[in-house]
Amino acid sequence: MIENITVLQEILDDLLLKQTEKYCQGHVADYIPALACIPPQLMGISIATIDGNTIGAGDYRHPFSIQSISKVFGLTLAMNRLGKPLWQRVTMEPSGQAFNSIIQLEWEKGIPKNPMINAGALLVSDVLVSHYSASKLAFVSYLRKLANDESIQVDCEVYQSELSHGNRNAALTYLMKSFNNIEAEVPEVLSHYFTQCAVSMSCKQLSESLLFLANKGIDPKTQSQICSKKDAHRINAILSTSGMYDQSGEFAFSVGLPAKSGVGGGIVAVVPNIGVICAWSPPLNKYGNSVVGMNLIAGLAGKLGLSIY
Amino acid sequence: MIENITVLQEILDDLLLKQTEKYCQGHVADYIPALACIPPQLMGISIATIDGNTIGAGDYRHPFSIQSISKVFGLTLAMNRLGKPLWQRVTMEPSGQAFNSIIQLEWEKGIPKNPMINAGALLVSDVLVSHYSASKLAFVSYLRKLANDESIQVDCEVYQSELSHGNRNAALTYLMKSFNNIEAEVPEVLSHYFTQCAVSMSCKQLSESLLFLANKGIDPKTQSQICSKKDAHRINAILSTSGMYDQSGEFAFSVGLPAKSGVGGGIVAVVPNIGVICAWSPPLNKYGNSVVGMNLIAGLAGKLGLSIY
Amino acid sequence: MIENITVLQEILDDLLLKQTEKYCQGHVADYIPALACIPPQLMGISIATIDGNTIGAGDYRHPFSIQSISKVFGLTLAMNRLGKPLWQRVTMEPSGQAFNSIIQLEWEKGIPKNPMINAGALLVSDVLVSHYSASKLAFVSYLRKLANDESIQVDCEVYQSELSHGNRNAALTYLMKSFNNIEAEVPEVLSHYFTQCAVSMSCKQLSESLLFLANKGIDPKTQSQICSKKDAHRINAILSTSGMYDQSGEFAFSVGLPAKSGVGGGIVAVVPNIGVICAWSPPLNKYGNSVVGMNLIAGLAGKLGLSIY
Amino acid sequence: MIENITVLQEILDDLLLKQTEKYCQGHVADYIPALACIPPQLMGISIATIDGNTIGAGDYRHPFSIQSISKVFGLTLAMNRLGKPLWQRVTMEPSGQAFNSIIQLEWEKGIPKNPMINAGALLVSDVLVSHYSASKLAFVSYLRKLANDESIQVDCEVYQSELSHGNRNAALTYLMKSFNNIEAEVPEVLSHYFTQCAVSMSCKQLSESLLFLANKGIDPKTQSQICSKKDAHRINAILSTSGMYDQSGEFAFSVGLPAKSGVGGGIVAVVPNIGVICAWSPPLNKYGNSVVGMNLIAGLAGKLGLSIY
């Protein structure tokens, strides 16, 4: 992929240039005030490669709210902690987001379809709360270690905002608890979950943090084993079928990379054995995915022929 | 993958040997008499590679009812014929099978989630019926060409059996028609669909027929372009998210290959840029996937490290 | 109720007068051409009493398509024929129409919620087709006997129109058949059902035909027992909870009479121990109930204090 | 109805005698310990008439947990307080309980189908919490006034038990709040709701308290107007279509009286213009209705010909 860094830099700059006006096609998430006020024209992209390079363009060093991208880190931690029993409490089947949420949870008796939908990530949060004495601290430390950057923080305003608009997530968690699939107290689970979501990171930090998924579970920067090779494959598989909300199938169809988006406008995409891409632009399409972010990753994947299929 | 054909042959023989008794863990499909009477202990596996080899073990030359594997061929034909407008009538999002069927179709106002579930394949059949003057004949000719084998036939007993037990498929098709998403007459659509499903092919024929999906759309045997490179990626993407019924997520998670199963006990799996695997054993698990077939493909993929993730 | 016929006649005339312009608030059913062309300004109301009087106003002698009002007659016939076993194939629980139809039928494994929704009436049609050698003829003869009027006819244009727009009803019936809850062939069931719906009757004929429901099962005109006293209570109970589509609860709440509406614009309402009201005006509200018809019955029930609650 | 009190007393005694062993056919509610320990063989029945008599048999003076019967009182209070606007926040359509709960609430965007299902009663609780400075106190005072008995109490053990097993109700309330259909804080709403449910009353107290529903809104004991005549009709209509959980249709069909049951084993039934029956026996059938309670009321209604249809 990265035969010539200068060429790649040009490609990124070029892709970004073509998107300059495209952010107007989306709408910045406005369900909480703290997200609604982000300048919509910010955009960036970065690629971190397993051989040690990171290239970026635009606002790729600008931190943003990672939101649902945190689900990838939470899942990795929970898989490490709980192992196979995790999959008795959440399955790994793809699931339309619109059609799921609380209806599917009721139908499936409190077992979420996968860890990338909210119900599944709330369940993963319950695992972390139940298995760590200070799960929020552990989560942030984990991100700092992966990004090799002690400055990563939770945005308290976003956290508070989420908490006071979290009625649907509360409903999901209480429903799972009514099926005995939540161990901790619901407010604690919600507090952990909203903390996760409220972490701020940049494209650069995110792409570097997730390199282990492109590298058989090993962080190439430190050579430490973040998860097993098999688990890296598994997480990528889940991202491929369920990482882009109700557009997961379309993204697989048209781009062909394991990816996860967040309503903060970020998208990460794993290129197995090569590296990790992260794109960011706040305005979202109707599915909750960044309009420009998707264009950037699709453009890059098309140009470089990165589809895994 | 195929560095040494003798070694691969040994691997296949060995995998098959370990499955000898495992077929007892499943149940042969019995919703129609014509399928119920297949000897459950038959099993086979074959690999066709894009460089021209086919290796097999067990009953890999024994024809069986391809059933839902026919959906892959139907989709390819319809994509060629209709192009982009196809995706206004069926989407490409993954969908739990149990949770879908008629409920999802109603919810989504007659638009099936993807072409691998029954509703989607019935819609594809409608496209074929509407665009070919003799769609059944065209379909069988297509298979014969792809497999380079004029002996391929529709099993009339299976066809009749399906037709007289096809009430649920009739319900799905009439429901889509009530939403104006079926053009032809419903009985014609059903007749085409059941004809597709009733084709008999062997593991060898199936693995060789689908090589174009592992080879950027080109049939390596004839160098003819069966579909575009992009469409080959797209079909593999759909198979990855939706090819194994309600076990699609689990199969991606644990095996990591685009695949399609049928209730006749066959499973095909595409290994991009290498070849196509087909395994067969009639007894099914509760999801409708061949127990031994899944074991064989998982074993081979694990042994050779074939996961695309 | 009918202390003074002259007074009642005045009340009816007065109620009708107040509705003269109100028909504009609704829309004539237009899913089939044969219904769409009915003049919207026609309207009528009649009351038949168990002591032998019938009073009417407006177009109360004008025949119209009885549509779903036919479900009351079909149910009575089927209860007589099948007795208790009927209730193993259809339940008697109320059911929102919008939220039900095919989703509920799937959820409940092919058992319709009650005989007033389409699925339930199709099941009742199956009972009639299976238990009468010529069920359509039997049905029309039954109506002629009840109305004491040999001129009652099936409107062939409406019948043909329904048949060619009957895909959703076909879907419902095939779905029930896939659950083994339909005995006859689906096209036969549909043909009977659409025949029922296509019968033309006037307010006068309908109110007189259903007097047995207000009179403990006995037709006061002939003293013949049409159904048992218990069954008359039961049918009224079903009409009370399920007779007005998704407005059944509201109608019970605001009017308080067992009633059944049809998309032809007719509504019948039973006043136990007193008589039967029938109102007609083609334009429907969003629930499929006649706007003016509801106003007329609500007005009369309010004026005379007819609520059963 | 009550021509001869001695005869009626004999009828009640006789009906009760026939049920002596029947309680074994049900199961006492055991989702909370406080209910599970009630002796299953207790049973009683009482009738209060609008002309001032109360007759009872068996344990008709024994207080029990009124549970969902409290929904009738809550609704009356809320209708008085809020009037018509209440019906923009909850509808009055019947609704299968099993098929509803959280799925229907999601489908209908946070608007419960009627005030007799849990979601609807939680919404009514929100109305009371929002419109009374001390809603729990107001509720209990209201019951004491209606029953003319200052000794009526909330069972604190039941209340605590409900509260700690209330996850599903919490899920329903948070879901409605996410649709902006709950004004107060969710824990407050739940606390009011569980207080309501935890009130203990006897058959005698319940039948006397609800006489206003049989008497056009007027309490015959005090001649005070508890609700309007129209509202009394309306509440009876709602009880008729929705008061007996998923057996509402069957109860209307076979008994024909407006009624409300609770999982404490109590059932009240209104006989318009005559009086109110209350029966009690803890063991429940699969729908959550008292087995013996239903038998007693059905027996009495059949014997005296009380069906309103």
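The first chain written gets the first letter, and so on, giving A, B, C and D; residue counts start at 1 in each chain.
Quick note on the criterion: a contact is a pair of C-beta atoms (placed from the backbone, for glycine too) under 8 Å apart; a residue touches a chain by one contact, two chains touch by 3 or more.
Note that the structure is a prediction, hence the values are computed from the model and not measured.
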Each chain counted as touching subunit B and subunit D at once: A, C
Chain of greatest Cα-centre distance to subunit A: C
Interface residue identity across copies subunit A, subunit B - same or different by half: same
Inter-centroid spacing, subunit B versus subunit A (mean Cα positions, whole Å): 32
Geometric centre distance via CA averages, subunit C-subunit B, whole Å: 48
Shared-contact residues (touching 2 or more other chains) in subunit B: 107
Every chain pair in contact, whichever chains are involved: A-B, A-D, B-C, C-D
Complex interface listing, subunit D residues touching subunit C: 91-96, 99, 104, 107-108, 113-114, 232-234, 236-238, 240-242, 246-250, 252-254, 256, 258, 272, 307-309
List of subunit D residues in touch with subunit A within their complex: 101-103, 106-107, 167-168, 170-172, 174-175, 177-178, 186
